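Some structures are shown below for you to check.
Below, chain A partners chain B and then partners chain C, in two separate complexes.
Up next is the complex of A and B:
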């Protein structure tokens, strides 16, 4: 093995799978580089092989197929924000992609695939994808399998593994009339929030018919709290229901993060605050 | 698969209009390539994490942070650095002139990001709102905190472009 890293440029999905399968855990997939390069620059990551997937056409583009939206893993945040398909069919995701830190420079290079596989607790894309029940296509051992993102996220410490490749994200369009919101509480310099919440609400008259709520940036992984809040169904949104929801969300965060974005107890409290704000904003938008 | 692994990578970049064929080690960042190999030191090295924006360049018409861009992944990209904003006759572009007139720089360490982001903004949107301006410049830190004069400079560039279009 060379002292310096070597480089591989697969030209197709098949080739990418073969290259990744033939290499050891020292291989690092690189696309936009926005996740990998800061760690390389600070010596926290020393890849032996960079596998540049930028030439793999199958990983590009936003398309509609079989009643779903397919977003290629190489799609950058700027395109998720600006695409007519995402803006009209999954506006929650388009909005969340615009909240990613680092400005246009990062939005122009950072990819949806990189954002997901990094499984970083503070990142902005996954809470919305979980609220949307997104699935992902993963290439491993020569076959592409579709798995739910929530299943994939359960094993965050191991992630995808160095021999697998995230190919695309598959999302069903949001139901017409559904209200949505993504609330990011940002109190520190830099791009990260201290708590965030993605909500999707369907209303039946003035009553809540269904509610999806995912809270992020407060624990190791974004938490889907939709089940915890099922008693909101059939109820009219009111100050007392809002307070009850806030309390339930706080209680559900058992092991809050304590880091530069704030200490654990405060983060737990803020989880409730962003959840309440997101649900209220989503209800205001629902028809 | 061993034959797929390259010790050096050939890139054909068009930088500020000039073609460059370069054989580079795989771990070279675009920032190092520009500053060390081509002596284009207008692109500044700041945080090396993608926070500050001092290393901003434009890649195929879109701004990017060169310190967190691996040069080997760029293939045949067209790159504009802050040196490439000047017109061919050596005079300042409208955006550069507006920053000059409105004292949009104090130390000018953040100038690459502020100028290239403003240029990209005005190319796509001749009449941006205050919110559009903030979004376009959000990836840049001015360590002199001269944000108000930077905002004035962007507005002066908008006005000067409109005047030129009339």
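Up next is the complex of A and C:
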């Protein structure tokens, strides 16, 4: 906590790593500022040091390499929505990025990296990334390691740690013919979601061949329920299967959030509703 | 035109900034306050806590003192001393070179609290043995007020049925985008202080500050610049007003305080619990009304908020011709933060309580919601109408207004769509709300005045300056007043400049409140303009060698019957410069001050002890069409209509802007805006993510219609247009949701209707329907 904070602006990934390694826990990484600045303005955060990574060019942009899509941590939601690469190869993510609340200003400033590392339960990007089996590159102690996002998202209380930096997100393209949907339930236009679900479905004729489903905004971390729903494989989508799926999802939410976005009972029920709607929409889109 | 300069845009040499330290507890004794840590922070100029402030400042006089009306009155201090009675109460203040330093230093103040048990629920607060909010009061009650008339017991005896409806209106407020801001500038040379502030009522505040600061009024100047929304919240009595003046005086430098959003959300309103009973006949005739209601006004305050609870009862039974009445207000204090005035000023809660109850009665009796209202409205030939609570309604055509609103929404068409949707498993609802909004109010013995004054000055160049005692909360009344003066004088609109909100230049006046500004500001400006016009015409007649009555002035051109004409500027110049020849027929300057005092107000109590504080009774009908997603409880508004009787409309754009704004308030209150607390009385709602106002995407298309019945006692038949609509539109929304879910038997009367609540009500209804089936 300091009235006169220090401001550091590394110009390369190496410099950023060095700066972060040399600082204590009072350092605050700032990129798009959509998470940090409201807290600072509110007096909730008074960091000793700001490390502004906005000038680290390696962290920005969407590229294709080794059959995967690389999205730099500083890539803003607007670019994720509009890029030909994301729109054609991971349309689920491009669509989810468009559902981020707060309007154009947030879409133009907020970054995919900030969205992930804040580990905010109500944010829109992570459920889709988990459904896509995304991996992330993390810089720590001078080396970059690739880890699965699901491993990183196991614990909301630690995050990356102030000495580490998220470098990029790595995603495999969605299989051709797969259906997808992101369903977000909001109590008011432009606000946070109260429940959301990302679904990817592959069909074998009129039967479900595979199903990925991640439910967000209802518990402290997004929940990947694909395993729970494996009995849907080989079945034809019907009203009774939809009801069964909805019930299974509700049951799987054991510790629902209860906050300004709605009480726990309702959130648990809504997890089932958005899951059912997302799967139905994904199936309708699958070829 | 030009740019708007708000209070926070004013900065002066040596400008200092204040931060207020607030209580984190709802109820506690203050054992000690140690400010030494804050004083050590570099950049801090002055720190003050409650004991010192109590020595230097008198308590804040009440805007409306409950004692004047026989109630309990508490001593209100700018900073808490000895104890705190609500979360967020100011405890100490830091003044520093910049705002961040002041905030940081405030975190270094150590307050030793002994936390006591708070009372949050108003029904708990009135029980024996409840903790006392005000230590020296014998009960947690500002006052109990009966609004009784006729023989309610006999009416209930004679009724075929009694329909009981518990209406719970939650705490929601008004949130201007510009929060409160005060910048006090002390002038040591004249030993006077100027307060630049977000102030709705500059002269009355000056009177209050003179008492707090122990300074004569002529040493205090209030300057209220353009305001970024007020809605009643910027009516005075706030601790920071006197505090900033004092801090400027002791530091001899300008001191500014800007409220943050969390602080702005501390100001509550509207929280009331009603138990409405309607005595009805099977044909829908309402014979009697009983409603013993409780208002949770929070901790005592010098602001006029508590009076809202009084107005709720006074406005019963709204537009309905019910005379046998047993209504009783209990205005309760608790350890929640205080209220301040809030658009609707209690009348919105009357509308909610009545309209939800009538909808309930219509359903129980199997009568169409339109028919039950038409059956019970006061007829248009009954005006002026003596209400059972002592009000005198000036004019109206309630049935005509409702018909126009139904037509504007396309009522019959929506009924057909509703039936079709039901077949498809979709739930569309149609809801009606009516609101009677007494406006232009005045209370005896308070600075809530019914009249106001304006000066009209025409310069030697023919330009016009209008100075008014009324001010604007951003609603555009200066435009309306300029239009009125332009018409009365006969000059172009763009030659008129309206000056408001400065106690040094403007006539003594009472600012804006209660939808009064165009009625009394416009009325008094018209009278003053007529006087000045007479002078101009006299001199013009002398110049044109014509008779006064043969001279006309239209759009700045003065002509005589004989065809000769002369420019306004030439006449005005002559008025000022030829006082010994052609202008000797008048007394210069071209200036007049006039007062407009509308009729109908009766402050002398009648034989029942009732007064009529209002000259103007606006009213409006609202129709909401909504669709409910029964899986999620989400409500989507499909269409909205309103028909408004605000008397003569001076400027349709301004009136429609006010109406749409009020509808958005009503939708927010009905659906999502809610100030919440934990069990210990700590406020949980801190920002616009928590306090969910409707976004533009939540707004349906609003079809507006006017149905004017001119007010016989105001200039040109004006009624207030700024305050009406919050309750009527909220009621229409709630009724539409209940209508959509009528097949489930859902009847929700506790606001707000958030998606989780609507969903829970559907689940509950399904469950009880299921258990009934099992039982059968």
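Structural remarks
Everything that follows uses one rule, which is that the second predicted complex is superposed on the first by the 281 of 287 C-alpha atoms of A that agree within 3 Å, B and C clash if a C-alpha of one lies under 4 Å from a C-alpha of the other, contacts with A are read in each partner's own complex, and residues count from 1 in each chain.
Convention: contacts are C-beta pairs under 8 Å (C-beta built on N, C-alpha and C of every residue); 3 or more make two chains touch, one makes a residue touch a chain.
Model, not experiment: these values are computed from the prediction.
By the touch criterion defined above, A:162 reaches neither chain B nor chain C. Using the contact criterion defined above for the overlaid structures, shared-chain residue A:10 touches chain B, although it does not reach chain C.
Once chain A of one complex is fitted onto chain A of the other, the partner contacts of A:223 are absent, as it touches neither chain B nor chain C.
Of the two partner chains, chain B is the only one that A:50 touches; chain C does not reach it. Once chain A of one complex is fitted onto chain A of the other, the partner contacts of A:99 are absent, as it touches neither chain B nor chain C.
In the superposed model, A:89 lies in contact with neither chain B nor chain C.
In the superposed model, A:265 lies in contact with chain C only, and not with chain B. When the two structures are aligned on the shared chain, A:191 is found in touch with chain B and with chain C. Of the two partner chains, neither chain B nor chain C is touched by A:111.
For chain A, the partner touching the most residues, choosing from chain B and chain C, is B. Once the two complexes are overlaid on chain A, the chain A residues touched by chain B in the first and by chain C in the second are 42, 190-191.
Note for the complex: chain A touches chain C at residues 3, 42-43, 46, 185, 187-192, 194, 260, 262-263, 265-266, 269-270, 273. Taken in their complex, chain B has these residues touching chain A: 1-2, 4-7, 9, 25-27, 29, 48-51, 53, 56, 59, 62-65, 67-70, 72-73, 75, 113, 117, 120, 135-140. Chain C contributes residues 41, 100-101, 103-104, 260, 262, 631-634, 671-672, 676, 684-685, 687, 689-690, 692, 694-698, 754-756, 759-760 to its touches with chain A in the complex.
Touching chain B in their complex are the following residues of chain A: 2, 4-10, 15, 18-19, 22-23, 30-34, 36-38, 40-42, 49-50, 52, 54-55, 78, 98, 102-106, 108-109, 190-191.
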